[in-house]
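What follows is one structure encoded as structure tokens, with my remarks underneath.
Lettered A, B, C and D in written order, each chain numbered from 1.
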């Protein structure tokens, strides 16, 4: 496979819950994709559906070598590390002029380490963690919280617009991740607070559905409460944003508090409840945190 | 002054931040009002503006004696108690067929005590604490969280519709207050969580205005964050909902947790920050809680 | 029964876990006792054992009427209220020169209410809540935390010395209770912290008995950890100080924080765990709080 | 310098607050020492005082090469790393038969990393973090919480007895550190709880010295409260155990909670207060946490 200098072709690594929707939106925008995924089956399905516009690479390295700009969207630090390093990894393919846009949510240190390695090899790096989960990814409604190379940010603006409804360049590499973590910390606390309120309303003999309706009418009305409230009420925890990932983000955000000596007493209290729920509900949706707030010793 | 049997005339006690707007909306709906307020000046202004449709009573008791149904909206337990008791108080005027709709936020026990006294005298009682502050009161967009007499709830439905956009009958007297406190507990925790996130973002060198914009684009978007976020950022704490009242509601909600043995770890952590801010910022808006989260020992 | 002016005879109301040991120590000190208890059987046992030195009264009022100085030791606010009020209650017997030493732990407001009523009737009042539970009560090793009348404090000094190892006059009525609550708040937090540490050590595969031994060798070594640690390890929760009383004291202490706008974030976090344990372990020893810290959603 | 096979001579790296006292006790026990410290001045003072029993090495590596068994006591992860790595570091000197006893408090991962490198080079490794600070180090009253090689633990038992009053072998490398962190987590929470109680007692107008005396008489009596209470009361924060180290240990302990999904709500609440105090009081004694609990927004 030879390198394309085709500016309409982009690399994409990672076809999970998020990546799937993102690629679909790039395709709708007439971009061609060189794709790699740990399970090759997903790549093949994409190839079958879109024919010549999809090229399936045999390794992350091959993706980088084939295109100028590659997006990656991997769900865990372990997955990112596995894809990034090694002979057939991303880094092995980075040379002058190669650009990486990493959409994962990692620690700031991990993200900065990746950026350093890429730029040391002559490449350009943009962190671009997203706000939004499966639904917004599919609908092209993500929000990109970017840090790093401004020229690269400008270069991929059109692609970010295909996949999202807004994008921010917040500073150097790390600033995007930090903003993502601050936002997710508030999200985790808000949802745990709703869970706490629903637990209390049930203890009082009030109906949670009334509470949810009332919250939906006032100044606190928000799509998350509207979506998750009824799911919590009925105990429906099919994962949209897995609890283990929400807990990980709380942990990373608490780490930012440590690094800046900023007390985060509410997030710390919320985190204790996510931890309580983690062993049993880690793979369920993070709204299962309500089970921790209602839990009692046996 | 003789009793009116005029079904289009209602009593209204308390012309504070909330009462003012509520009366204005009753007047827009062509109701006549017999009014009493601790400071008579406000009554006179109303009389000057609306002439014969306003009758100024000389005591709370006189209001009750003049009409069948009286609304009261008082901001503290002390004010409620002062207006309710004594020779010229509300209770002294209650006889068979008199109805009281109390829109204050009190403890459940206080509310139930009032209801008992009213019904012991032959009257009918509806608690109707509201969700919404100055703006919604003025705009007729309150939410009434009622408990108590169902016939009275039905009878004042039209008036509640003039003053609010929704009303709920949630059970016996106390259930409205309980729902109000659960909702305000979530509100207090949510706002303290935003304050915590803004404090962290500032510690990190991120811009709070970016955080607020980002939150406004996603699943957490809500009118309160949109309104209070910029005010917190600029340190503008003109009271819309005073911090001392928000803290009082947190305390009452924590009391409901005690009564039902429901742990409320997030609300308890938030309450500690409201308490920290209370001595200096009690009369400011409750978004001044951000000052506690940013505070350091001297 | 006629009033004794015998300065060696004292009234004692309440022969529960605490009162039993306290009376035994007064008897060892050659005091005579006029006694009343809700269950008369306990009074009779005392009479059988000590003959003429014990007089069994038929009501709390009769105790007061028979002696100059009466101690009372009741375990709940409800019990205190029941014994204090009514025709045959304590207050009905109080006249000029009668003195009441109340050793219960109540709220400050309740204690002050009692004091007011006693002094209004011409009596003298000393609050004297104790630090120490069953063992210290039996061993005469209680600590009396007094507030109120200094002359009465001086008058009963000898009796307090029989029942305890130290006594403090801390200010007016209420100050003794406040000090008791501050001390018990720290106690409740310390024990919950040990429980938290033991839960963590077990999660890590460390032996709790090693942890307890190590804590016992260093600067944190204290009798409570030494006593309760092994009981928590073996899940032995026979009540020495019932969890429901420990939780009540945490609640009252948090109330003092509310009253003085002092944030108490640690006590609030500990209280959430006591509440979590309350429904199932309320009647067990307060060291059962470890069950809450180890609990998980089902 | 040639290797000694003298079993009475030991290496010692790090002559800080702790190491100084530990070496003094080894010398009292007639051991000879090959010593290295970042600031050579301290080594020279030791040499001047003890003559031939002290050998001053020019690098950590030289210490290892000169003896069979080396103790190290370094106060931060950075110092440990600096001394361990590099051409003249500890690891460069480790060959078959060399033994390292590391008394620092690091993360479990760091400790295990060190152990792995030492054993990979043919050496033997014992982690031996201590409970106790300056005073116990000087008095030979430390407690050694060991993990790792049992033969090495047995071999240095005599030396541990010279420096401490007890030593435990708790499992593989990491288990000593874990136990240390659990104990220090409880210590940090206990002291913050005392600080919280003293803040409340002051708010109530009670005397902190009375509170401290009362706590000293009961089941909670412990040397730490007796020592630190009066220092907190008088605002005397000369560092015995610096707040920044106490906060670091809280952070590491919270990390153990994350790793085992054990909620630690009390430690998390205490940690928020240590963080609040950190910027201003990091170098002061950890009892300065009381400043955070008394702090208010300006």
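Here are a few things to note about the model shown:
By definition in this document, contacts are C-beta pairs under 8 Å (C-beta built on N, C-alpha and C of every residue); 3 or more make two chains touch, one makes a residue touch a chain.
What you are looking at is a predicted structure, and each value in this text was computed from that prediction instead of being measured.
Across C-D and B-D, the chain pair carrying more C-beta contacts is C-D. Shared numbers divided by all numbers used gives the overlap of an interface; between chain A and chain B this overlap exceeds half, so the copies present the same residues. Farthest from chain D in terms of Cα centroid separation is B. Between the Cα centres of chain B and chain D there is a gap of 55 Å.
The distance from the centre of chain C to the centre of chain D, with each centre set as the mean of the Cα atoms, comes to 40 Å.
Across the assembly, chain C contributes residues 257, 261-265, 268-269, 272-273, 276, 279 that each touch 2 or more other chains.
Those residues of chain C that touch chain D in the shared complex are 131-132, 136, 143, 145, 165-166, 168, 170-171, 175, 178-179, 182-183, 185-187, 189-190, 192-194, 196-197, 199-201, 203-207, 210-211, 213-215, 217-224, 227, 253, 256-257, 260-270, 272-273, 293. Contact residues on chain A toward chain D in their complex (touch as defined above): 251, 254, 257-258, 261-265, 268-269, 271-273, 275-276, 278-279. On the side of chain A, the complex with chain C involves touching residues 265, 269, 276-277, 279-281, 291-292, 294-298.
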